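When the chains are written out, they are named A, B, C and D in that same order, and each has its own residue count from 1.
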């Protein structure tokens, strides 16, 4: 069973990975993205993620469906945190279970790359001297 | 700080990933391998991992050093479970934190492939009608 | 409102909400307007939004990315937002 | 034991332990024997091990993979094991 969630609560990445494991599978690959203290040399104090929630969930489900067409995978979990995040907290988890780990690695890498391009979520960084909406994250 | 462990206790993959996260990093990729119920069409009831423990730890540390030469990564964690494992339990976790997720994906995939070839650990599967030492796992 | 106009629920997200000063607004458009036409009207109505995002402002119709040719209907939900930055 | 022999602590792991019936054994070898020579002696001493793993039995000297040319010293630890299957 796939899992697509937006949450304002802290993400437990181990629990996320565990929730998508089917008994016939051999490997799960999990990408854990988190709040960096320094980006482009500037110190971030905390940040806020905002989403167009219903559309973000639809886009996450579409990515899941496309990933299943491209890779031989069993289950997918995508959880994105919203609201205020402190340094070091997990912002996103993408976890993929597959019979063979190569598919899990490839699908996980593909999903996070696409998520950053298509899922309507925006990041606002707060500094000691102000704040900025992030226009493009690491591609 | 890197982390290389052999343990007979259940592995918490989220905790493993979290232990290697440095504040400047952006992404952690974690491979979670676990006991399959069916391999080659045969039902496994449980299994036992045995290791040449001091050499296995040395080999894990060597893999960590080689990965650092090949990829731009911050920290590595490798934990392998030993002893008796039930179906669905995590046998191995390889987790890599890196400033850029591409390096984390590549290093994690490289480490698990090498681990399966060089780290002296052996798997014995138990079935309803007997048992077998596994001669080669998925490459 | 007359019979040749439609009402659309317009949403703004991220920096687009700050540059318009609102998160949502009901806007009347002439019947038959397509999504690209509505986008032009909105950019014209909010000059700071147009200045900052004329070329890059994304938009969706009823929670799906729009390509611009879609003809709007009364009660549609049209959203405007900057390039996404989740992850 | 005479002065021209050495004692080596030999370990067996995985299926190799079952095919020899032991996990470790102190074995005397002639002084000057190398790791490959010791491997041949062990395979000869344990026919089932030799039958099953003549071509593929791996070995390590003092916790490092051996290539065979290493000359053994008194007190060395020599381990024999099948291809690994962790993960």
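We adopt the following convention: a residue touches a chain if its C-beta (ideal position, glycine included) is under 8 Å from a C-beta of that chain, and two chains touch if they have at least 3 such contacts.
Being a predicted model, the structure only gives us computed values, none of them experimental.
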Can you tell me how the remaining chains group up by touch if chain A is left out? B, D | C
Centre to centre, using CA atoms, which chain is the farthest one from chain B? C
For the pair chain B and chain C, the C-alpha centroid-to-centroid distance in angstrom is 49
Report, in whole Å, the distance between the mean C-alpha point of chain B and the mean C-alpha point of chain D. 27
How many Å are there between the centre of chain A and the centre of chain B, using C-alpha atoms for each centre? 23
Chain A residues counted as touching two or more neighbouring chains: 33, 112, 138
Shared interface positions of chain C, touching two or more other chains: none
Pairwise chain contacts under the document criterion: A-B, A-C, B-D
Chain B-touching residues of chain D, taken from the complex the two chains share: 11, 13-15, 18, 58, 60, 63-65, 79, 81-87
Of all residues in chain B, those that touch chain D in their complex: 33, 49-52, 54-56, 58, 80, 91-92, 112, 115-124, 133-138
Interface with chain B, chain A side, in the complex: residues 12-18, 21, 23-34, 36-38, 87-88, 100-102, 104-105, 108-109, 112, 138
